[in-house]
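Look at the two complexes coming up: chain A is in both, with chain B in one and chain C in the other.
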Partner chain A sequence: MNALRQSMSWMHTWTGLLLGWVLFFMFLTGSAAYYDTEIDRWMKPELPPMVDVSDPVPLFQLALDHAKEAAPEADNYFIRIPTSRSYSPYVTARWSMTLPDGKREFDNVALLADGSVVPEGRDTGGGQALYRMHWAFHYIPASLGEIFAGFAAFFMLAAIVSGIITHKKIFTDFFTLRLGKGQRSWLDSHNIISVMSLPYQIMITFSGLIFVASTFFIPIFLAQYGVSNDLVKTVSEEVFGFSESVARTGEPVELTDIAPLIAETQAILGNEPVTRLSIENPGDATAIIHVQGSFSESILRDISSVRFDGASGELQSISPRTFEGSMTVIDTFEGLHEALFAGPVLRMLFFISGLMGGAMIATGLVLWTKKRRQKLKVGDKAERNLIIIERMNVGVIAGLSIAIASYFWANRLLPLDMANRADWELHSLFLVWLVTLIHSLARPPQRAWTEQLICAAVIFAAIPLLNAFTTSIHLGNTLPLPGRPGDWALAGVDLWMLLIGLTFGYAARISMKKQAAPGDKIRTRRKKQAGETPAPVPAE
Partner chain B sequence: MLKPAEVSAQKKKKGPAAKPRPWGRLLVGIFPGYIAASFITSAFTALLPIHRSEASLLGLLLVGLVFVALFVYAFAAPSWKRALRDISLFGLISAALLFLIKGVFDG
Partner chain C sequence: MILLIAVLLALPGFSALCISMKKHQRQVFNGPLPETMSQSYRRLGVALMALMVLWCMIMMGWSFGLVASCGVATVAALAVIITLTFRPQLVRFYCWLPGNGQT
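Right, the complex of A and B next:
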């Protein structure tokens, strides 16, 4: 058993070390994605608040009327009314058209409850950019990013398994935190953070692997379906239930009234709100209308759907959420991963657990360097790898945090009429990250830690202040007060920034203290190694 | 010749033999591990009396876990060569089983 534990400890170290930085990036950006819609709204401060969806029928109707007028020849219309987790807080209509050269053109519009078009607002990546970055990365094709994310999730799962096997006293360690003891403190922190959030870490890693499984494990489909040119089409239809659109007949038929269909669907769905409507072949005899529920109503990442004939309004089929077979397990894990169903408190716990995942990786990375340093004897020079990793850790852990904060700063400071503004927000993130990496390589590690942690504290804590100077959606207006409803979604972003800034400030204080008394313990240990008696510590 | 106490002291001083760098085991765990995991999972799901679409979904659920298990074995095995041998053997047996099921029974 000891040999197995040793092997697992060795594997835990190496798998963690190899992709630790990538995983840290994925955890940090992924955690921010739990608040993607709130960040979206925060990053477009000039836009009006979310539309009232208490009566959805007129909203669907006005969006359909708008789409029909804008694109009478469209192949399809997709209409969504917002939920608290929608990409857009407005009624949206999207459509596609086949052009004479066979290409497809897509367009969309966002509407307010009175039918007016929502103004464009500033060009920004918003929270969606952070969400997308956590699995597709940036500056590389999304498909490649997905495979890379799959590898990272696989390594993480392997590191978790090996970490659990390595852990001899998992219960005792849960209650053990010895502060101010160098490497021992880092190990205790790593253990306590890992054990506290272990169920979350297992769930998020395994579900992440399931998300990319259909890209990452293509041989599974090849084994069942054989090698053929139709593989993607067959698998899409048979396994995932995607159907090909029905060909138009060319016979013009007026689309049926959608109001009774929405009412009928609402009666079928019960408490689940109707939030989506899609129409295939509008204006044709083959028109089909799908009226759907909401993704955020269930832990399953699935949606109930009712299909009607577009000409007569006759109910054709009801597809409730799937509660059978492997698809239910897959949908449950994917639902848990995205947490669209989570209310404010559960969402906050997911967010904190995500940050704890990042902290677990960060403490593991630092622990590796501390262990290596401690093994050095008097007069030994540190290996080049150790020096580089030690310094890069600063640039990745503290530097990435600064870079993410600077993304929020860029949103407020870049000129509103700037060309490719949304791209430049993200370029700012990566440029700042590059600067912090260079800084961490140029400075002694302990100093770099202190400087970057101070920088992170200031840049995060100042975001609410920057927001107050540049927009009207600051805490003074968004914080709910007696007689004023406020807006928790927007206030929450500012409050989180403040809290994160304070946390970094606390970390910076610890780092400053350590810098002020450099290596007392190391000196004592080295003196011991050299056979000298350490000087007694004077009693206070 | 050293006395037992001296041997023990010397061992303590040197510490346990440092593990070599893990590249061999990593490669065995990743590449043969990936192929073997795909074959093992596919053969297992093909054995079950379920439709191929359901078998594919079950396979997607399980293959990651099998892959991780083989990867862990690559590190737990006495040597990377032994890990390579065992993982390849598992993969080959599963592949043979899969081709038998698909070729004979599906046909």
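Right, the complex of A and C next:
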């Protein structure tokens, strides 16, 4: 058993360390992605509030009317009314058209309840940019990012499993956190953060792997279906049940009234709200209308759908969420990963667990350097590498946090008419990260920790203030008060920033105390090793 | 409200499990408790945690409930650990224990 534990300990250390920085990036941006739609709204402060969806039928109707008028020759229309997890908080209509040269052209519009078109708002990456970054990264092709994310997730899963086997006292040390004891404190922190959120960490890593499985399983698809141009189509039909669209006959037929179809679907779906409508071949005898439910009613990343004849309104088929077969396993894990079903409180728990994943990786990375530092002998050649890793840890852990906060600052401070503004918001994130990395390499590690943690505390805590100075969606207007509904989605972003800032402030205080503590143990020990009399080390 | 009740079950649940351990009894009560009492706390802790999971599953359905109970357990454990680290004697209040906990 001890031999197994030792080998697992080796595996835990190296699988965790090798891609630790990448995993930290994925966890931090991924956690932010739980609030992607809230951040989207926060980053477009000039836009009107979310549309009231208590009566969805008129909303569907006005979007369909708008789409018909804008694109009468469209191949299809997709209409969505907003939910708390929609990309857009407005009624959206999207359509596609086949051009004379055979290419397809897509267009869309966002509407308010009175039918007026929602203005574009500022050019911003919003929460979607953070969401996309957690698996596709940035400045590299998304497909390459997906492969990289897959490898990182695989390493993470190996680190989690080996960590469980390595951890001898998983239950007896469950509540044990000994502060002020150097390496022991880091180990305790790493253990309790990992064990407390273990179900989440296993779920998020395994489901992340499932998301990228199709990328890694391409050889299996090729072996099963052979190499052909129709590979994607064949696999989609067999595995996912996607079918090819029906060809138009050219016989013009008026589209049936959608209101009875929505009512009929609502009666079939029960409590699940109708949120989507798609129409194939509108205006043709072959028109089909799909009325769909919502992702919020089930853990499965699947949606109920009812199909009607577009001309007569006759019910053709009902496709409830499937609870059978391997697709259910995939849908369950993908649903758990994205948490589209989660309401505000459950979403907050997911977000906290995600941050704990980041903290688990961060404490693991620091712990590794502490252990190495203790084993190091005077004049050891490995010291130079260790120094670089110690400093890079500062730049990645504290620096990335500062960089993410600067993304929010860039959203408020960059000129609204700036060309490629959304790109520059992200450039700001990476430029600030670069500066923090350079800073961490240039300063002694303990000083770098203190300075960057103070910077993170200030930059996060000041976001609500910056918001108050630059927009009208500040806490003074968004916090719900008696007689005023407020807007928790927007207030929540400001409140989280404040809370994260305070947490960094607390961490900075601990770091400052450590920096000010006389008699650096390691330096004293190393002087002893070198045969020197240790002198009291002045406060840095 | 459902999740709040779940937290109110998980918090004393984890506190009872924590108090049932000898090393934490020293932190919370400045000394060990009798073995029978430790066992009682362990049983109480397990029962409260099971009740919390059951409550979530009944009120939210088994799938949502299971997910929610994991999240609630994480937050409750975090609260107990932070309290135990910085104000260990306060852990007894999560368990509705007055004074020195010798009920």
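Heads up, the rule we're going with is that the second predicted complex is superposed on the first by the 503 of 540 C-alpha atoms of A that agree within 3 Å, B and C clash if a C-alpha of one lies under 4 Å from a C-alpha of the other, contacts with A are read in each partner's own complex, and residues count from 1 in each chain.
Simple rule for what comes next: a contact is a pair of C-beta atoms (placed from the backbone, for glycine too) under 8 Å apart; a residue touches a chain by one contact, two chains touch by 3 or more.
As the structure is a prediction and not an experimental result, all values here were calculated from the model.
Undergrad: In the superposed model on chain A, is it clash or fit for chain B and chain C?
TA: fit
Undergrad: Given the touch rule stated above, what does A:224 touch, chain B (first), chain C (second), both, or neither?
TA: In the superposition, A:224 touches chain B alone.
Undergrad: Just chain B (first), just chain C (second), both, or neither: which does A:352 touch?
TA: In the superposition, A:352 touches chain C alone.
Undergrad: Examine A:196 and indicate which partner it touches, taking first as chain B and second as chain C; both and neither are also allowed.
TA: second
Undergrad: For A:157, using the defined touch cut-off, is the partner it touches chain B, chain C, both, or neither? Pick first, second, both or neither.
TA: A:157 sits against chain B, while chain C stays out of touch.
Undergrad: Could you give the angle made at the Cα centre of chain A by the lines to the Cα centres of chain B and chain C, to the nearest 10°?
TA: So the C-alpha centres give an angle of 80 degrees.
Undergrad: Chain A residues in contact: does chain B have more, or chain C?
TA: B
Undergrad: Of all C-alpha distances between chain B and chain C after superposition, which is the least, in Å?
TA: 19
Undergrad: Spell out the part of chain C that touches chain A in their complex, as residue ranges.
TA: Contacts found on chain C: 3, 14, 17-18, 21, 23-24, 63-64, 67-68, 70-75, 77-78, 80-81, 84-85.
Undergrad: Which part of chain B faces chain A closely enough to touch in the complex?
TA: Counting only chain B, the residues touching chain A are 16, 19, 22, 25-26, 29, 35, 38-39, 41-43, 45-46, 52-61, 63-65, 67-68, 71-72, 75-76, 98, 102.
Undergrad: In the complex formed with chain C, which residues of chain A make contact?
TA: For this pair, the touching residues of chain A are 172, 174-177, 179, 192, 196-197, 199-200, 298-299, 332, 336, 341-342, 345-346, 349-350, 352-353, 356.
Undergrad: Within the complex, which stretch of chain A touches chain B?
TA: Counting only chain A, the residues touching chain B are 4, 6-8, 10-11, 14, 18, 154, 157-158, 161-162, 165, 206, 209-210, 213-214, 217, 219-221, 223-226, 235, 238-239, 325-327, 329-330.
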